[in-house]
């Protein structure tokens, strides 16, 4: 069971002004070491190398997701909507708070190389031998499993899952506002209060009153802009590429039996994919940056160079490709090899739309639930059928191929056919 | 010599909207590894444990100080003020950008224990064998020494020093605005644009037109509020105390010849006070947090416990003391020793006003230059002589003693005379 | 009796984001013609001639005062404070909404000349034969009298009166924030949400938890700054002076039997002080500006000139007087008369502190209730006894004499003794 | 000739923080009575009846358009773009400031009924016997004609015209930001500073660097949202409809020889379409509201009722029509006539897209110049050819028919076929 706090606690928050904690369980979860660890994981990974304000952590984002969820539920309760299952309140709040608790340092790059998955880790932390698990079990023995179910999107009640994970969920609403605030761009701004006011529980779904359609359009446009202006910014992608190459190189060296000058627990277990939740706890961005710093002294020149590039922000340059000419790229790889730049570690082709971030696309192979409008006659319509704006940005696979390469590559020495890739006449 | 950039560069900044770089030298300085290192040093040290938004780095603050200086100089040039020595422009900009380049991780605690001093390190980095020094020398051979002179406040022209370091300098103006933005409080907000407009070079000083007096009052009130509401917040001070105790314990152990389970370059040199600028470069907050994390596994129980407290945010509790009763505190120390809590590491008395932060106090033993008002008859008056508000906050040694101690201390078992300290009847 | 609205209504508001209406009575009051009339009365009178953004009306301010009151009461109810008389909720909301309903156009000038008083008119509108009265009577026959009692500060329960009228009331909190927003200055900004959170009903008073002292200091500093930077701005005072002279001249002419070229109902009744509530309804700023515009064609040159000055913003110039030298001013008056500038209409001495606006001064002959801090031991202390800052701004009669006069006055032709007033050597 | 001011003047502005005046001519223009008159004309006409914050005047908007133009030109000059004709600076600034000087009160309604046209009046004021004309002539005898040419879009240099009047002009940029600020919605917010930075003069056009495409998309989306959420809000349209009917009725009565109880100069000349610039000066919103107030006492019940509806905000209700069924509407008109509600004055069909406001539609019969992107190879492309988002909102004639009618109309008494219009079963 959970108890209300004798006195409401508040956190000062730049995005929501204040975050209100009213339940002992929530307060205890925030104070677990696994949740406090999120203070050492940046919300936007390498993005701070493009937008220097983007140094905020997953800790503040997680509190924000919790707060938006709390506001939605409080609205549902104030209006006494019958379609809202009141008994799920605490479950929603806990899942909102914990949905990102499994995020590791620089998740994208690490996950690509080592096959970890943050959602899976969130569930392991919720279910394993952790402080988080102990707090949740105090609510009831089966409570941790329910929370993990919501995070894994397998929980039986869609309405609970959709608050945390859908095309219009508390997670996205917080990160758009928060990332906009900390980067300083104003693309991510939309009228949160209005959207909260037009949300309704309705026959097992969260829907939106039709009168709020323009507000949702505005939210979706914010998302669109944030993706193209911030999340997919080529400099951020370049940093991501360099970091990915560092890990690929380290993994290769490890598998080849290379003796690292610097090795620290639990790095080896990460390489061996044998991390326990106790080990995982140690993996934060401070750890990873320290490893990178020490690797700048490694004997392996590629590992040392790439680590140094990331820390000193000597990132790869990039060029936009009109199309993907496989043969031409093969030739480039060969030429790079000849010039002493191993293309496996000094070249990356990136196509920003196949990323974990996604723009709104109903009907796609995307597990995210669509946005439904509820009209005055109580019928539901998927929003892109009513809004030309939404139609124009959905199903969008726009995005261009980018080629990343080191600034020092002597492009002028390449043969003209290859040089054309770099759009230099 | 320096050259203008062929095309102005901009950084998106949440506080100033954009930061404009117009000189090759400035651009090159930003790209040195010593300056990039500031991305890994938080601007507000342990304050993020109180205000979770306060995760911004000294990198963004340093850019901000540069930008405010640039705006001030641009105003001086546009108005063609005769008392402004135009030839000092680049010197001012470089000193503004680099004034904090010597800051280490969690400066306050580290400096107290190991006797490093950030200003001194800034000068060493400017003058030593560093990328920063190489960029500065390209301007002229004696340029690094001039920059170090401004940072050390020994440069011959007071007007140059006062832009970077006075009661109304670019440093403070940026940090008040920036810290307010990232913590989310609005105490630090004042009308920067107006203050910039009323600043004037005048006979070797930077002065303020009398018509701007209320704007300066507002700025000083912001400072006052930020000190008492944010910088001296008891939870931040508690985190500082825990951290300080970690380092004190480690130093003691080191001096006693304890064999650390985890030791990493250049930690030993920090203990021995033998850091070179190359070593210093490795010391960032990622490094220090990793050390703390590894120390949670040390055999020494005090070091392990204190490190863990800091990382898990199990900070000390505190109580406000009406006065400092030395005898009573001696008794408390004895009692703690008996209970197994070594008071050297589990108790701290803090008096927030004797800190490196200071409130406005002309006439005090403070090296900061006072604020002078210029009236329509061209005479100068120190502001507190004209403003009752300023008078009321200057010379202020307010502040109360706080006693910090572990939550687990069994206060009830103490004898009543000592228990009174904790204001429990 | 009153009923809740079947669906909450909202107004979009730039200051509070949204204003929420939940009661039929409030909704009906907003839709009365007397309340709608407030759309045609500016909140800040002549201030828009200094700060062009200050064009907002008493309508939006009145909604804001209502909204802040609603938020305070909602907090009281959520926390179930025993000292709060729940049955007074609707009374508070209605009084908050209606406290300014009796404001006329350019109140200060008109009230000075014609002896009307806006608080008295608010009561007459609440009690008279009006739409407002009809809506209030639907609650209960004695309800209008109660509302008038709160507005007139004669209502028996101090706690109700103090919400609307004290040193920390909903009225001031709204106008500081709103006037700051519309003028564009940021002096008026303070943390409303925090202040609302530390307010408590306590033994018949509204008090503030001691932990909120700094937030209240910040609010009081905002007030101080707004008074000296915005409300007492000499250009606003100049416009006020010109307007006052217009009315003085018109009144004199009327009393002398002058035949106005333009006379329109109910202007004559204003002159005769015989306005009924029906007449009063017609008196708005559109009316008054139209009268001024038509008076620019009057035969009386002084009336025509002054009216034109106000509309074309050819205001009086001003000079600050170090002290009030009555003899010298007498000489100036004589000299002006000789030069053909009747000093009764072309000269004004203004001392900004004896105005209807006031800064915080406990113990003064001010009916406003002081701010009391509630400490952890449940004892109350007046704030200036704990806060040095508040002490420094209370009891403040600062302010300087200003002399207003027409730009065209040939100062150089005055004899040197008089010319000294104008600080010209 | 014009001279720079000896000291820059500033206006505090909530949108641009400060507005800077550097030329004597601009300062003198602002102080003319014709420009000051804009203080008495609301920027958004009847919109304040929907969004109560929207009480700002054309005066502040005009200053804003001037300020944005000043910023654009200052950027052009700083970058020394060769394609910018520097000698046109003052012309641009004057035209920016004066482009709306001919706006009358509640322009839309008045213009529809009386055939006045604000652009034509702006030119008449610039060219006629006015203070504005006298100030302009001081620059050079032919200067007024040039300014009028820019306003009328007949000036020979397209680049000058397009700053003030194109799809991305200073006028729109200011009103979107300003109207968003004063209404309190955040749809109108976009990154002005970024857009200004990517604008370029190029071969006689103002173009946008391709790298700024997303910023322009964001601006166009703001426009789209503002049109549908604010400018076309049905309540604003309803107020517009009522006002239009007032004037239609008054005109009809006048033409029928009705003797008005209240008639005031220059109302009759407005009816007769014989206004001179001197007369026009008197026509402001104060004047018009006073006329409406007096007309509430007219003997003609329709004129009295409609005037009262507008002032008391008893507006028409509305219903959205799926399509325009002319026959059905004829029947409704007949039924209304029978019930005593003259449909000429109590019914209005409105289709929001055929208004003076327009959304972006290149290729349409719209005189506004398109937005051109300049790529790195110096070729120009119209933006909708590169941006799917822009394509989706251009050529948009979306919008629905609305039927406006009095709330008191007894719909239930209508026969079922007509009743269906009101979507009541």
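Residue numbering begins at 1 within each chain, and the chains themselves are lettered A, B, C and D in the order written.
The rule we apply is simple: a contact is a pair of C-beta atoms (placed from the backbone, for glycine too) under 8 Å apart; a residue touches a chain by one contact, two chains touch by 3 or more.
Keep in mind the model is a prediction, meaning the values are calculated, not measured.
Engineer: Decide which interface, A-D or B-D, involves more C-beta pairs in contact, and give its chain pair.
Structural biologist: Pair with the higher count of C-beta contacts: A-D.
Engineer: Could you check which of B-C, A-C or C-D has the same interface as A-B, with more than half of the contact pairs identical by residue number?
Structural biologist: Most of the A-B contacts reappear at C-D.
Engineer: Measuring from the mean C-alpha position of subunit C to the mean C-alpha position of subunit D, what distance in angstrom results?
Structural biologist: So the centroids are 32 Å from each other.
Engineer: How many angstrom lie between the CA centroids of subunit A and subunit D, rounded to a whole number?
Structural biologist: A distance of 44 Å separates the two centres.
Engineer: Report the inter-chain centroid distance for subunit B and subunit D in whole angstrom, where each centroid is the mean of the CA atoms.
Structural biologist: From the centre of subunit B to the centre of subunit D is 51 Å.
Engineer: Please output the residue numbers of subunit D that touch at least 2 other chains, ranges allowed.
Structural biologist: Within subunit D, residues 17, 185 contact more than one other chain.
Engineer: Quick one: which bits of subunit A touch subunit C in the complex? Just the residue numbers, please.
Structural biologist: 10, 17-18, 193, 197
Engineer: Applying the document's contact rule, which stretches of subunit C touch subunit D when the two form their complex?
Structural biologist: 11-15, 17, 31, 33, 36, 39-40, 48-49, 51-53, 55-57, 59-60, 63, 181-185, 264, 282, 284-290, 293-294, 311-313
Engineer: Within their complex, state which residues of subunit A touch subunit D.
Structural biologist: The contact residues of subunit A facing subunit D are 185-187, 189-191, 214, 217-218, 221, 224-225, 228-229, 388-389, 391-393, 396, 398.
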